[in-house]
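What follows is subunit A paired twice: with subunit B in the first complex and subunit C in the second.
Now for the complex of A and B:
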């Protein structure tokens, strides 16, 4: 069973059917987060040792005050903030996620996000997928399996 | 006489004096304390003393205009070598009532015992004004030069060399000035002009410096012609004005900002182009003006200062910074600036350049807006067509569960659906029993069981997800039932199960269509608003007409009723719909402003308690000269600092909590509404206060947000 966390603020809109397709998969157990706060609390939950975390790049902060220092961040790019946070705290707060594979599912191109492929995030190139390149449900599900095997 | 002067030294001085006292110049000898003890005839005349006067008691400092000057002379001589004449001492003397600028040539004598300056032999001569000022030639901040009849440089000062980028003034000696002209032929024009007038004032010349750069100078020149009219020599003064010209003529704003004693930042220098950007005719008008008069908002200025300080912390200038400012007439400009603090001024002085990109940005933006407005218009048309189609599909397939002409009753739909699911459950059980009896392939039957298990075991939180979940599983079950047709199971039983599956598919599809139609209807006011914003015309009050503000407000309210109904927000208004309150206005613009404020109020509303519907409250208060409209809602807060800094009225700025529960928005509405209302001579003010008993800065609690709009009314005769 693959334990998945998918962070995206459009899960109830254009991604609603992809979300349902995940639920139809017997081999995948999914949690969903619509903003950075929800994601943060799921990621810090030590009982949830996610195998795969799939991250959108832009989403709202959510209500928690931990994001205040990013208040002026106009582009709402909390995906990289979360990934950096997790990777930089692998020995403490997020040590239960040391074996987790991370993926990015976004409308943006790789070239727009060079930081993702550099330390501390070090995202493998093949774990980055543009939404337009996995529009089909099957392609999307295959991407999740590929992340798990990465 | 100074008793300390040894006879031998005295003899030395006397001997030196004797050698030169016959020269036709004033020669005198003094002790270090200033006592004059030798003076020839010319010296006695120079100092206005009779030839018979006993020198005893005559002190040279009594002839100094400023006695402190003598101390400076002594200081120079103390550091000189014995037996060496000093020729470059200039002093101001006073003889009787006459002031004399004088030059001293002095031979110092030192006491061999202690090496102290003991006496000096002096030749004094008067200097003309020209000679006096010539002393400063090399330190003066202007170039002096002299040229001969061939227009070749005969002499010049160090500044001339510096202006022309020569390291040594002697390097210019003998150089034809034609070699120094940017256009060598211009030397003939200069010669002709000098022949005509002999005295040129403020003549602008383009010169070529060593290295090839152009140097533009302002020149004053005096020519000395002979009796035949030919120029025998000419002399002049030049001042480098290259950068003055660049600063004046370059089409870029140059400025200097200084912090004054009160801590206020003011423009302390600017060129004309900069003054024009700020709406002034000349630079003089902007000098001394506090820069905060031109800020769009304190927050915009704070952002700029923060960026400037961060750059300075890294010892860098702030480059290509985009800044919105308003000119002296209140017109907004988009400028880009490069700026840095001057070193050693403790960040109290900065210099920079500014470009006005308003027209450029405005032009690009207008093209973009027009294109996007047209695209959005087409998109809205497509969405409206889609809405109609969805409405028809709902009517066609949800005929038995319709709530009204447009929408299904989702509660009835859920009940009917639940009945079909229950019946399908019984049929699946019966099919399973018969399948076991008739030995139907277990694998085939598991294909029926699996979607059924999923459907019954997992309940989604959201209605939309439940419908989708049921539909996906029913599609699988429909295929599984079709596969069972070739087994020995009763066809009627299979047909009944298939009918139930089809009914569940129909009802879940109708539910999904209904929910999606609501989603579209919820979004469509934002699409309309944004399209209207993109296609707007600038609000010009001269095009305004007196119109009934109450009916404009009611139009906007009516337009948002469907949105309010989907959001389950009631619109309460306390106004008389038949009242006439005339406001001089542009109807389309004000309608847009009201729509935006009402839309925000509805969008950011929460239900107060349990199932009680949320509501917004609209109040109108007519005053003698104005009308005040207050739109109040109860729900998502606006942060205090966002209100205090007017951040909410900035273009593209959404409240920090505006995303609450996935609420979308552009960050343009409040900027636009504020702009429209201000242009109508009114005001827009927002408050957001915690509900009773809640702490002021815990924004996850509900807040009461009020928009206060005031507009001047037209008095009816």
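Now for the complex of A and C:
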């Protein structure tokens, strides 16, 4: 059983079909977050040891004030902020996520986000996937399985 | 006309020009400074909020009004020739003339500032009232560790009366901030926070979107769910998750369910899915997830119902895998079987889905056929005896009798 967290603010719109496909997979147990606050709460919950975390790069901050200091520099780009936060605190707040695999699913190109592939995030190249209309549900599910095995 | 009347008042000791000026100021004051804002007030402020507006924001206005009257009375007294001695212009009267001029200017300036302030308050009344009441709630909570009923009632009134859309979203933001501030009050006991958060959510967040199902909109529902989820997560961290802290959790889960059911009625699938997701993150509220999933099913939203059953199934699988004592009569297991049975009633592929779910969740190495039979029997009893939900009890029986290869 793969425990997955998918952070994206378009889950109810463009990505509704992919979300439903995930929910119909018996081997995947999925949680979803629509903003950075919600994602942060789920990631810091020690009972939820996610195997895979899939992150969109741009989403709203949500109601928590902790994001205020990142608001200007991040320009809604809270995905990298969250990933950096998790990776930099692997020994303390997020030590229950030490075996978690991370993926990025976004409309932006790799070239626009070089910092994702450098420390502290160190995202493997193959764990970065662009959202395109041609990318169907089956491929998406396979991408999740591939992330789990990465 | 004014001149004729006033100029005949020489026997009172008032010179015509000065009295004319003084009365002119008084008329300007009465018409523009009091009249125009009153007209705006009547036009723009909803009737239901007027009393609250007067009580919360107009205290300063009364002080301004009193000051204005006082200044005018002083001015009228000063311009009396018998008091000030001005009969005609002369160098010795320069100072007094400046004082009178200055006072007239002050009266007009206060009136002008007041007029602008009143324009502004009547334009953003909802936001200002929310902020003002939230400040009052917080200061009272810091001092007494409780919330005044008066404040709670006013917040409840705002929740219902404020127009939907961006104004209501701003109100919900303010409530979110208030909850965060209350949770940050360092020396408060968990019991006090438990009660305060529960009361705020019950009186404000839920009614703000469920009081008028036809008029509410998806954005407000989304914001309300966001605030509820935030209140739950922050609250749980601050005060824990024990049985004695269950009040705020119960209120929050019930509010999420209510919003979800409203969304079902409004045929807003995205919000229904969002509500199920938020609800499923709270432990011990399987009954609410069942209710929401079943409501969606009755309205033809199979997808939402499937999501609810999957979320319940994930929990049940963990309960069974952990070999929790008496799992065969666990409420989470009963709620999950009830929902799967309701889906099974829809026939066709719904049969296939329901059967697969039972297999995937219940087929674990240590689970025997007898356990499965007992689980189904307990679930039937739960819906029959505890909830008087006979149709779900029938659905469970039907699933148990007809599902191929399971029993």
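The rule is short, and it goes like this: the second predicted complex is superposed on the first by the 146 of 150 C-alpha atoms of A that agree within 3 Å, B and C clash if a C-alpha of one lies under 4 Å from a C-alpha of the other, contacts with A are read in each partner's own complex, and residues count from 1 in each chain.
By definition in this document, contacts are C-beta pairs under 8 Å (C-beta built on N, C-alpha and C of every residue); 3 or more make two chains touch, one makes a residue touch a chain.
Worth saying up front: this structure is predicted, and the values here are computed from it rather than measured.
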Legend entry - Partners on subunit A (subunit B, subunit C) - clash or fit: clash
Inset, instruction - Would you sort A:34 into first (subunit B), second (subunit C), both or neither based on which partner it touches? - result: both
Legend entry - Contacts of A:17 with subunit B and subunit C, given as first, second, both or neither: first
Inset, instruction - Applying the touch criterion given at the start, work out whether A:63 contacts subunit B, subunit C, both or neither, answering first, second, both or neither. - result: both
Inset, instruction - Figure out whether A:114 sits in contact with subunit B (first) or subunit C (second), or with both, or with neither. - result: neither
Inset, instruction - Applying the touch criterion given at the start, work out whether A:9 contacts subunit B, subunit C, both or neither, answering first, second, both or neither. - result: first
Inset, instruction - Select, from 59-67, 347-355, 365-373 or 383-391, the region of subunit C that bumps into subunit B once both structures are placed on the shared chain. - result: 347-355
Legend entry - Contact residues of subunit A, present in both the subunit B and the subunit C interface: 12-13, 16, 19-20, 23-24, 34-35, 62-63
Legend entry - List of subunit B residues in touch with subunit A within their complex: 454, 458, 462, 464-465, 468-469, 472-473, 519, 652, 656-657, 659-660, 662, 699-700
Legend entry - Footprint of subunit B on subunit A - complex, ascending: 9, 12-13, 16-17, 19-21, 23-24, 34-35, 60-63, 71, 74, 76
Legend entry - Interfacial residue positions of subunit A with respect to subunit C in the complex: 1, 11-13, 16, 19-20, 23-24, 26, 29, 31-32, 34-35, 37-38, 41-42, 62-65
Inset, instruction - In the complex, go through subunit C and note every residue touching subunit A. - result: 173, 176-177, 180, 226-227, 229-230, 233-234, 270-271, 273-274, 277, 281, 303, 306-307, 310, 314, 317, 356, 360
